[in-house]
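Which chain is which? They are A, B, C and D, in the order written, and residues in each are numbered from 1.
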Amino acid sequence: MNLELTDEQIALRDAARGTLSRFDSVAAAREALETPGALPDIWPAAVDAGWPGLVVAERHGGIELGVFEAMLVAEELGRTLASVPFIGLVPAAALLSAADHDAAGPTAEGETRPVYLPACPPSPRLDDGVWTVDGLDGERIPAPVVDRSGSDVTVTGTVAWVPDAPGADLLVVVATDDGRPTALVVDASADGVTVTSETRYDATRSMANITLDGAAAVVLDCSEEEIAGAWHTAQALLAAEGVGTVDRALELAGAYAKERYTFGRAIGSYQAIKHELVEVLRRLQNARALLVNVGWAAGASPDDLPMAASAARYSAGHALDFAARSLINVHGGIGATWEHDAPLYFRRAQLSRRLVGGLGLAGDRLADECLARARRTAPRPEPAAVR
Amino acid sequence: MNLELTDEQIALRDAARGTLSRFDSVAAAREALETPGALPDIWPAAVDAGWPGLVVAERHGGIELGVFEAMLVAEELGRTLASVPFIGLVPAAALLSAADHDAAGPTAEGETRPVYLPACPPSPRLDDGVWTVDGLDGERIPAPVVDRSGSDVTVTGTVAWVPDAPGADLLVVVATDDGRPTALVVDASADGVTVTSETRYDATRSMANITLDGAAAVVLDCSEEEIAGAWHTAQALLAAEGVGTVDRALELAGAYAKERYTFGRAIGSYQAIKHELVEVLRRLQNARALLVNVGWAAGASPDDLPMAASAARYSAGHALDFAARSLINVHGGIGATWEHDAPLYFRRAQLSRRLVGGLGLAGDRLADECLARARRTAPRPEPAAVR
Amino acid sequence: MDLDDSPEQATYRAEVREWLAEHRHEAPAPMGDMEDSEYIEARRTWQRQLSERQLVGVTWPSEFGGPGRGPVEQLIVNQELVAAGVPGGIDVIGLGLMGPCIMVHGTPAQKERYLAPLLHGDEVWCQLFSEPAAGSDLAAVQCRARRGDDGSWRLTGQKVWTTNAQFARFGMCLARTDGDQPKHKGLTMFVVPMDADGVTVRGLRQISGEAEFNEVFLDDVVVGGDEMVMGEVGGGWGAALTVLMYERMMIGLGTEGFGYSPERFAGAVAGSSRMDRESGLRAKLADVAAELLAVRFRGFQSLSQLEDGRVPGPEFGLAKITTVNAAITAGDLIADVNGPDALVEPGEWAYHISFLPGLKSAGGAEPILRNTVGERVLGMPPEPRLDKNITFDDLVARQREGIAA
Amino acid sequence: MDLDDSPEQATYRAEVREWLAEHRHEAPAPMGDMEDSEYIEARRTWQRQLSERQLVGVTWPSEFGGPGRGPVEQLIVNQELVAAGVPGGIDVIGLGLMGPCIMVHGTPAQKERYLAPLLHGDEVWCQLFSEPAAGSDLAAVQCRARRGDDGSWRLTGQKVWTTNAQFARFGMCLARTDGDQPKHKGLTMFVVPMDADGVTVRGLRQISGEAEFNEVFLDDVVVGGDEMVMGEVGGGWGAALTVLMYERMMIGLGTEGFGYSPERFAGAVAGSSRMDRESGLRAKLADVAAELLAVRFRGFQSLSQLEDGRVPGPEFGLAKITTVNAAITAGDLIADVNGPDALVEPGEWAYHISFLPGLKSAGGAEPILRNTVGERVLGMPPEPRLDKNITFDDLVARQREGIAA
């Protein structure tokens, strides 16, 4: 048993931290609120660092690492609030690579940038076979639908709030083809494709609403498990990104709690503050342990991936919420103003929890996985207690 | 506007407190755990105090007070953990009185003791018309059914965990008659009636599982609103009883927090303890305000009763849970032993939250009432903020 | 158990409603840009109209120009203003807090000078109490006032969280006149003309981007002689406590004024099928509804008490905690149900979500409120205090060492 | 990122499994009445059998009769015992805490005398640390030890929360030998024969009605001379800290041993239609599952650390907090879903619900654990301490005044 990071993983994480340290993303995030689009272009550095090819097979020129390694990079992005297409990129690159699609190579090189349109596989509890995507108004709507009636394969449907979609070259769409899930590639500039860039509350998060109206598509040769895996990968990346943000928020709050005095004592000496920060730490450590669970499942136990990814997203998302509010609370009123960076973390937390299904769907998914397992297996006998 | 207790209400409450002070119910509750049935017989004192006739009309020899006055008595019962049939009695007496049934007079006199078999009216959100009762295994099951096919009206069905049912003379049953809710009276000793006394976890709470198998019944002349009102009254009485228990638990915890020292300070001086006790107080005050809401709705605004009663039950039930655990926490390990009375309050909290639909149903009901109102009325304009 | 108006109250309500029906077209919008001088001017004019009809300062005694009515009548006026869709007086701080402070602590000359223009909206007031290092711990204010040779006072320091400072005529300023006294002693309350030399006002942008509050910098501001002292020199803490008591009353009674009602929040989610499907959403709505209904009836209870002449105790801080936390939960629920579009800016719910973190610490952070209630209502022993029996200057020096260590 | 056994570990696991398969029919039931002497005897015999095969004290060094293996092998043994449905050694306190304490602080003669009988189950140990007024604040123990003229020590006091006291041969007792020292000084650790005159054991009934723990009264108990002192006279606090460190390791690694797994809890509710219908139930299950999965992987992480020779830090107290609170939530959920019948006694879930409030304060109340983590992991400043720089006797006197006041 060994769950410590390997030397290679540590090197990858440190390199990512080094790359991102060249951009003052937090300061840029503040500026972007006033001047939309004022964010630095981190993409060339990301390409240099090899992130587009992180999960692409070596035969396509990628580095062929796993989801866990991508999560290590996502954690660094979260720590710095850096705005770079990654969460939408990795699952798309993984599907292109798995399908041996022509775009896999250019993707690994950073020449072509694909984006994944997240589609949630059916709940094992309801087992109704329905794949859903995020709707504009918060409703879950059916995934796009494939039409094979013409000479070309086309796809029609809407997917809202797709992270990293603006500026992407290719759309990796999950659609249903006569009820069965299918992954397809659509050119972002094809007829019938509308990509409407949107910003909501967090200026560092690039998103688009996408409408496909009979857009020409190429079917990817992916298994249903790989298609479902893309959803769980996106959940895991959001979780990892959140963990990085929590870590940084705790550093900031802890430093202030040691130096700010009230009633003659540093505020960190009061149980109310101290215990709240310990609660952030507790949630951080739990969320990080769940990232390890995802890494293990992705590598060694794919059946456990849906549960692991849902648990990580759920736990990390709530940890981020708690940490962002806590950062403000510890700072008192000033934490709720732009005199401090706390509002940036708060805005990040607010939008993140509503993306790609949201935390509620992740929680329901986690519960459904537990229930479905319990309903499949005979009840376990009462285990021996430690006495 | 006046929400203070009237002089008559204060007198009623003080009289109840005086009556109950003659019994050491808490000591008796401890004994009853060892020797089931060792509880004192408070019923004669309850009859002397006029509680059986509290909500019975004067024309039937009752005092004709309202639900709120019954709640004041229930609060005193909760404070002392007294075991006396009241929560099952009051809604039954109210229905008998409203229907001008012959048993209303003997009920007010304490000669006949009826018990109410709780049946929950359909949710206004789902609006499916289904009345449900507590099932043995925690499921909600359909209310009993009336059969008019023979010469007599009979009723068939099961209702589990009916408070105060053991020893009752009459069962006031809510059943559906061709889909419509109907209140009926069944003799507890009639053919086809099985009343199985049960104890679960809290020895002070008398309960029975009741099976009706073609039992002869007399239909009560009650409106659907009165029949639904009985359910909400039971919710309100459980809420009030819980508030009394919380009040007492806070007294006990607060006293200990002042006298117990650790690390050289009274433990009540630590924020962790102090803030937890303040949280008990906050929940207590909120729950008590919601009892006032019930009292107002019952008297002046019956349309608001379902929401008010559900809110009170939900809030008071969670307050009781929190207070019972808090009482143990403040005492440390010793609070989790029979060296202290805390386990009695804990056991009371544990069973209470699962009775008469449980807190989950009350919460769902409250939400459903809110949603149904919102769906009926046009969205309100944004109100003017105070600036 | 009666929520209805008494016959007298019903008559009063009818009169108020009638007058508002006639004049509502003269009123400005209830919300507007508080940095727009035209809108501010319209609000001041509207306050003057209301004051002529005695619809502001409803509880002010007649000797100061008010009708001397009770808190229920104040609530009736507030309710009718909301129902008519018109704003109240612009100077909520002056009408609710500074006016009463002047009535209690002011000299006859000060009452004569300040109260009438305040009531009529001619001179708006702001509250210069909190500082960057003196929020919950208000007695730690560092703003210094020194008496010059000519008897005039000179003030230097920095204040924060100052509502309406950008157009106020006067500020009520808590300053330290003696650092050799323990912290609660040696404070004095001053009236500061906001147009004096050395006064600088700077907006503090909240999460929403709006400047709800200001910072006020005082740089050797000459405020005049002892006629500018409110109460006694060295008696500033007593005057501050008066203001804090009125603030508590405002908070205890005013929570519905923010529009935090279960009906409004339920309306924002009722249309979504998610409420029927996703676990925990209805439970969250139930939490919000139970808490806000409770606060509503706690407010009615406190009004009943006020009618009896009893002032709400410190436990009314709990109503503020309940309200803020329930409103935060409601914001979470509404955006969870409606997705990212609930966060569109400008927009009702993005504003709601952005506003609450600031409100959470306004009027005392939650741990401080819980301390106060624990000690004063439940009788819990206080925490050890390291700031007693030490002069303020020594205390500050010790803290500097603590940070350096 | 590897949860699998190494080849060596796999071989070890296979050997353990094989032996258990052959001998499991000789084992007593994993749970039984710990007040029934026949059952206790069977458990002692079983510990002897396990010890002969080196399946207890797996990490004990060979010089003390153990195989000197690592924590992963200990976990492998624990897992295989559970899988085989058989209990481990009866003397969990002795094997996990008192044995290591003797190894660290004992004299050669003490190690020779005590360790082998402990390992073999011939002499069970109990821990006489906590007292009614010294739980979280362990250094406040009041149990007094005085040296008589003949050099023997005489102990008087009251201990609580003593597991296995009813059949233990020895107790490790923390007592105060000098009240004129500050509280952490002046403590000494003693070995107390539980059959000595003046030792009285009384069961403490928990909420469930079972006596999981005992009170132990020491009434002028003569324990012998300095050969009964563990470590130095006056060095008791150091010996206690050793035990507390091993306790933390046990808690950090052992949470699944209670059977608190998401799979088990989900199984108890999966059959109910309420899970599909009532709001918040699935959300609660998700909370429980996420927390317990996290603790599971935290445990694996700490094992990886131990394999590297690093001892888990105080942050492992957080795993205990998470576990207990998740198990409480699970109990709530299960009884909410299954109704009053989930509370039938005796019954699995009534026992679960009754057991947890006691577990919550065992091994340090939550606020104390959070203080420790806040100060030692996050570097937060400590609270002001009123029990420093004062002799223990004066401290006790001051507290008495505080209560009287």
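Just so we're on the same page, contacts are C-beta pairs under 8 Å (C-beta built on N, C-alpha and C of every residue); 3 or more make two chains touch, one makes a residue touch a chain.
Listed by chain with UniProt protein names: A, B, C, D = Acyl-CoA dehydrogenase family protein.
All values reported here derive from a predicted model rather than from experimental measurement.
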| item | value |
| --- | --- |
| Partner chains that subunit B and subunit C have in common | A, D |
| Label of the chain whose CA centroid is most distant from the centroid of subunit D | C |
| More contacts between chains, A-D or B-D | A-D |
| Subunit A and subunit D, separation of their C-alpha mean positions in angstrom | 40 |
| Subunit A-subunit B separation of Cα centroids, rounded to whole Å | 47 |
| Between subunit D and subunit C, distance of the C-alpha-averaged centres to the nearest whole Å | 52 |
| Per-residue multi-chain contacts in subunit A, two or more chains | 265-266, 270-273, 275, 360, 363-364, 367 |
| Junction residues of subunit D - those touching two or more other chains | 279-283, 286, 367, 370, 383-384, 386 |
| Contact set on subunit A toward subunit B in their complex | 270-272, 275 |
| Subunit B contact footprint on subunit C (complex, rising order) | 1-6, 9, 30-31, 34, 72, 81-82, 85-88, 90, 92, 254, 257-259, 261-264, 266-271, 275-276, 282-283, 285-287, 289-291, 293-298, 300-301, 303-305, 307-308, 315, 318, 321-322, 348, 367, 370-371, 373-375, 377-384 |
| Residues of subunit A defined as touching subunit D within the complex | 1-4, 6, 68, 125, 250, 254, 257-258, 265-266, 268-271, 273-275, 277-279, 281-282, 285-287, 289-290, 292-293, 295-296, 299-300, 307-308, 310-311, 314-315, 360, 362-364, 366-368, 370-371, 373-375, 377, 379-387 |
| Touch list for subunit D against partner subunit B, complex | 130, 132-133, 135-137, 140, 160-161, 204-207, 209, 213, 272-274, 278-281, 328, 332, 335-345, 350, 353, 357-358, 360-362, 365-367, 370, 383, 385-387, 390, 395, 398-399, 402-403 |
| For the subunit D and subunit C complex, residues of the former touching the latter | 279-284, 286, 383-384, 386 |
